[in-house]
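Below, each structure is written out as structure tokens.
Next come two complexes, and both contain chain A; in the first it sits with chain B, in the second with chain C.
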Partner chain A sequence: MKGLHGLRQRHRKEQITSNSMRVLMWAAVALFMTIFLLLVAKSSLLFSRHSILEVLFSSTWDPERGAFGLSSVILGTFAVTVLSMAMAIPVSLFSAIYLSEYAPWRVRSIFSTFINVLAGIPSVVFGIAALLVLVPFVSESLGPWLGVETTGMCVFTAGLILAIMVFPITISLSLESLRMLPIELREASLSMGMTQWETIKHVLLKAAAPGLISAMLLGFGRAFGETMAVAMVIGGKNQLTGLFSAGQTMPSLIVNSFGEMMSIPIEQAALIFVALLLLIIVTGFNILARIIKNRLKERWKI
Partner chain B sequence: MNRRYLTEKIYKALMLGCLAIVIGSLFMVIGITFWHGGTVLLEKPDIVITPPGPRYLLGGEGGFLHATLGSIYMVLPATICAAIMAMGIALYLQSDYSSERIAESIRTVLDALWGTPSIVYGIFVFTILVYIHQRASLFAGIIALTLLELPIITRYTDEAIQMVPRQLKESTYSMGSTRWETAKVVARYALPGATAGVLIGLGRGIGDAASVIFTSGAGSTMPSGLFSTATALPVMIFQQANSCYPSVREQAYAAACVLILVVFTLNVTSRLVTRYLSRYVPRGR
Partner chain C sequence: MIRRESVKGATVLAAVALICCTSLCGCLGSGDTTIQISGAWALYPMMVVWADEYQRTHDISIEVSGGGAGKGVSDVLNGMTDIGMVSRPLRSEELGQGVFYVAVTKDAVVATVNKDNPTLPAIQQQGLSREDLSSIFTKQITHWGDAIGQDLSDDKIIVLGRSDASGAAQVWASYLGNCTQSDLQGHADANYDGDMNLARGVKQQKNAIGFNNLNYAYDIETGGFVEEIRPVPLDLNGNDMLDPDENFYTSRQQLVENVSTGVYPTPPSRQEYLASKGPFQGATKDFVLWILTDGQAFITENGYVQLSPTVLQQETTYATTGTRG
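And now, the complex of A and B:
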């Protein structure tokens, strides 16, 4: 009798736990949907008065006069991100190749630990370092050297600090996909008399290309949505006039308009729309990166 | 022949140069924070636990206890909530409960959520607050941080659980255990990896400003209850780093130094805890 009771109890426990875990899991999926739908719903107020084309392609953002053009902010975001990736991609690719192909095992493991620690550093800390070092550097050394007048709070500085911020993610992911390649690839190529660099260039880079591309896309997504460090150094001007003048990115626009956001409903709707755009673009990049990476995994059956 | 060797040498030098740039710039970030924040902290270590004075943001007296406490009050509950939910979701993603196809698509969703910029979470919770006519509060901050940490911790726990050998599960099932009883054994085996995930989530939560600034408020008052405003260390750093009062700026540097120290400590703790918990796992990890 007791045994039967115990069995029932175990069965009930099993049902309760599996049901609650199922609910939890679907709640996580629903969360993503809710974020999306709520942002859509709450930004619709903006489109009752402005057309979507006007918002996306006009360049004046002046909430007080009722102008909500996002094109210069969107361009600013892409300018900062592309600039940072242009600096980060070659540097992190070469570093990852060195660590993967040349560095001894011990150096690689020490460096991986170092990179993992750095990946956890909060973005405001990067912002502080940018304010203390990069802003004076750009305004006092680089600006005069290039012959431009700049305060240092500019698009270029933001790109510079973003490049440093994405190093950990791009390097560790590229390293991972290079290490994933079978050793036979290297052996075959080296035995044909190729030098190590030729092996890398003609064999390994091609074989690991999907993984490397996905690493860079993830870095791009990270840089695109990065808020605090950029908002601290970009200067906050809603127009894109040049690399060495102040600008604005989509996340920094949201943060910098925080105070006004409470009072004007239509500006609130416009900023929610910016967040929605951000979500769509970054998620697009992340999903693309994942699809490309899966191709690498399939190719080498890992 | 010579030219090929020369190319090899040039590229190797180029790679070393790139590596030097990476290491140098990252050390620059840490070094400059320690240099500026560390000197302030060594001089006045008590600012971490001193409440702000009345004219604090104008260069007046006081420290940033409000932000320190706000961070702790927000991050700890958020991490605990997220960790419990993450364990449930990660267990449910295993083949005992879900089909492979559903699990894969949910992993994709979780990865997308992981990559979502934290400011989107901030705006999301802020929008809900506006919708239900509530003001920014500590509670809303906790929710935003939970949302931010949940996908991270879930993915780490999921990866750890996937490492559990099939034989372990099979042997528990062969003893007649239910799925839940097996899950408990599996969870214990995955504990080191899951704990590392929780600590990484904690580190991410404690360093994030964008999700908190809209949801928990950004004043310089001490947190006084679950439904009153509070502020966190990163938000305080963000607001004060550009202040025109040197003493206010210095406090931001000190807070940044505290944040870095917390992140490093979490990293070391994660290693130690992982090693300690690995005693449940045969042959270490």
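And now, the complex of A and C:
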């Protein structure tokens, strides 16, 4: 009897725990949907007076004059992010290859710990470092060397600090997908007479491609939504006139204006629409990363 | 063993219950004697001093937070706070939603340049007129030499501004005329987050010009110039000469007096306001009236400028009657 009672009790416990986990899971999903719907509802006022095409494709953002064009800010966001990925991808790919294939295990373990610590540094710290080091570097060394006049508060500096900020993510995810490849792949290739570099180029990079590409796309998403560090060095100008001129990204626009623009409903709606757009784009990239990963996995049957 | 565990559990439970109770009582008990304040960062340091002093002599608790002028107004409209701090003129859309306000102190924005500016001696002799500054900040004049009529080299003006939406930038834009903060940002070579970073930008670049609140344009301790920053004197009558009655920039004290009397114009000096939804009432009204009377004693030592006696008298009347005019 006691045994049966115990079983029943354990069974009930099992049910309670699995049910509560299910509830928590759905709560997380519901939270996301709530945020999404809230942003939609709160930004709808903007479209009672402006068309969505006007908001997306006009380039003048001047709330005091009732102009809410976002195109240069959207372009600015892409410019900064693409720039940062152009710098981050080669560096993180080659670091990951070195750490995975060439480095002794001791170096690898020290480095991956170090990289994971880097990933935990708050972005405002990166922002301060950028303001104190990168801004003077770009205005006093890089700018004159390239023959451009710049204050250092510019799109390029923002891209540079973003590249530094996404390294930890892209390196550790790339490293992980390279390390996950079976040792037999390497052995088979080397035994066919390929050199180590040929093995990496023709076998490992292809086999790890799904993981590598999704690592880069996740890095892209991270860079796209990064706020504080960018806002501190990009120069806060709602136009895109060049790499070495001040610019603006969607997150920096939000953080720069939110406190001031809360009291007037239409301005608040416009700013909330920027947030909604940002949410849609970043979510889109994360979904894309996942789809690509699955497609490639399918194709290479790993 | 089991007993000890459960005793421990009970103690923790009791402690939690006690904390909940006291905090709840605290909330309920002080419900009508807590004044909630939020809003402009520009007025925040002053408000913290006022709140401390007032709480010392009155049985009341005051909570002050920042967030920006717009948040201050939106919070009072939503009924989340009792007072909103606003560091720029109230906008018509805000007044249309039933905002009441009184001015409590003044502050001033001044143009600032680097001490190694090639034309600084000339600027300090002639001053710059509103038209000069407007041309500089909108990039119609791009070289310092052109601004004061000299032929110089390596004198390309670097225009700096604020990236965060701020009362100071709006006030400076409205002084220049036919200009918004967005325009300023658009013409600028770089925009900085906050007064302090903007001041640092001016310090670092010899051809830079920016605009700062009094507290960043002068040293708050000594009242003299800040290391590399020099305020730009305004040529008020536009005669390309800094007349004796226009020359009051060597110390903070001198400038403050001229802001207070209104010789330094508004804008770029500005009144700072307290806003509420409808007239101030009850404990909040007492506090606002205290700020307008006894509270004025703390203004100068904290780097702000007193309203002139007539304006102060008028604002006190507004706060008492709950209507402006």
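Things to note:
Going forward, the second predicted complex is superposed on the first by the 267 of 302 C-alpha atoms of A that agree within 3 Å, B and C clash if a C-alpha of one lies under 4 Å from a C-alpha of the other, contacts with A are read in each partner's own complex, and residues count from 1 in each chain.
What we mean here is this: a residue touches a chain if its C-beta (ideal position, glycine included) is under 8 Å from a C-beta of that chain, and two chains touch if they have at least 3 such contacts.
Everything quoted here is computed from the prediction, not taken from an experiment.
By the touch criterion defined above, A:Leu205 lies against neither chain B nor chain C after alignment on the C-alpha atoms of chain A.
In the superposed pair of complexes, A:Arg65 makes contact with chain C only, with no contact to chain B. Contacts of A:Leu185 after superposition on the shared chain: neither chain B nor chain C is touched. Set side by side, chain B and chain C differ in how many residues of chain A they touch, and the one touching more is B. Judged by the touch definition given at the top, the superposed model places A:Phe258 against both chain B and chain C. Once chain A of one complex is fitted onto chain A of the other, the partner contacts of A:Leu131 extend to both chain B and chain C. By the touch criterion stated above, A:Gln239 is placed in contact with chain C alone, chain B being left untouched. By the touch criterion defined above, A:Val82 reaches neither chain B nor chain C.
In the superposition on chain A, contact is made by A:Ile97 with chain B only, not with chain C. Applying the stated contact rule after C-alpha superposition, one finds that A:Glu149 touches chain C and leaves chain B untouched.
Across the two superposed structures, the residue set of chain A contacted by chain B and also by chain C is 131, 231-232, 255, 258, 261, 268. Across the complex, chain A is touched by residues 4-5, 7-8, 11-12, 14-19, 21-23, 25-26, 28-30, 32-33, 36-37, 85, 88-89, 91-93, 97-98, 106, 108-113, 115-121, 123-124, 127-128, 130-131, 147, 150-151, 154, 178-181, 183, 200, 203-204, 206-210, 213-214, 218, 234, 237-238, 241-242, 252-253, 256, 259-260, 263-264, 266-267 of chain B.
Of all the residues in chain A, the ones that touch chain B in their complex are 10-11, 13-14, 17-18, 20-22, 24-25, 28-29, 31-32, 34-35, 38-39, 42, 90-92, 94-95, 97-99, 102, 114, 116-118, 120-129, 131-133, 164, 167-168, 171, 195-198, 218, 221-222, 224-228, 231-232, 251, 254-255, 258, 261, 268, 271-272, 275, 278-279, 282-283, 285-287, 290. For chain A in complex with chain C, the touching residues are 61-65, 131, 136, 139, 149, 151-154, 231-232, 234-239, 245-246, 252, 255-265, 267-268.
Considering their complex, residues 41, 66-74, 77, 91, 93-94, 97, 156, 158, 160-167, 170, 180-183, 185-186, 188-193, 197, 201, 204-205 of chain C touch chain A.
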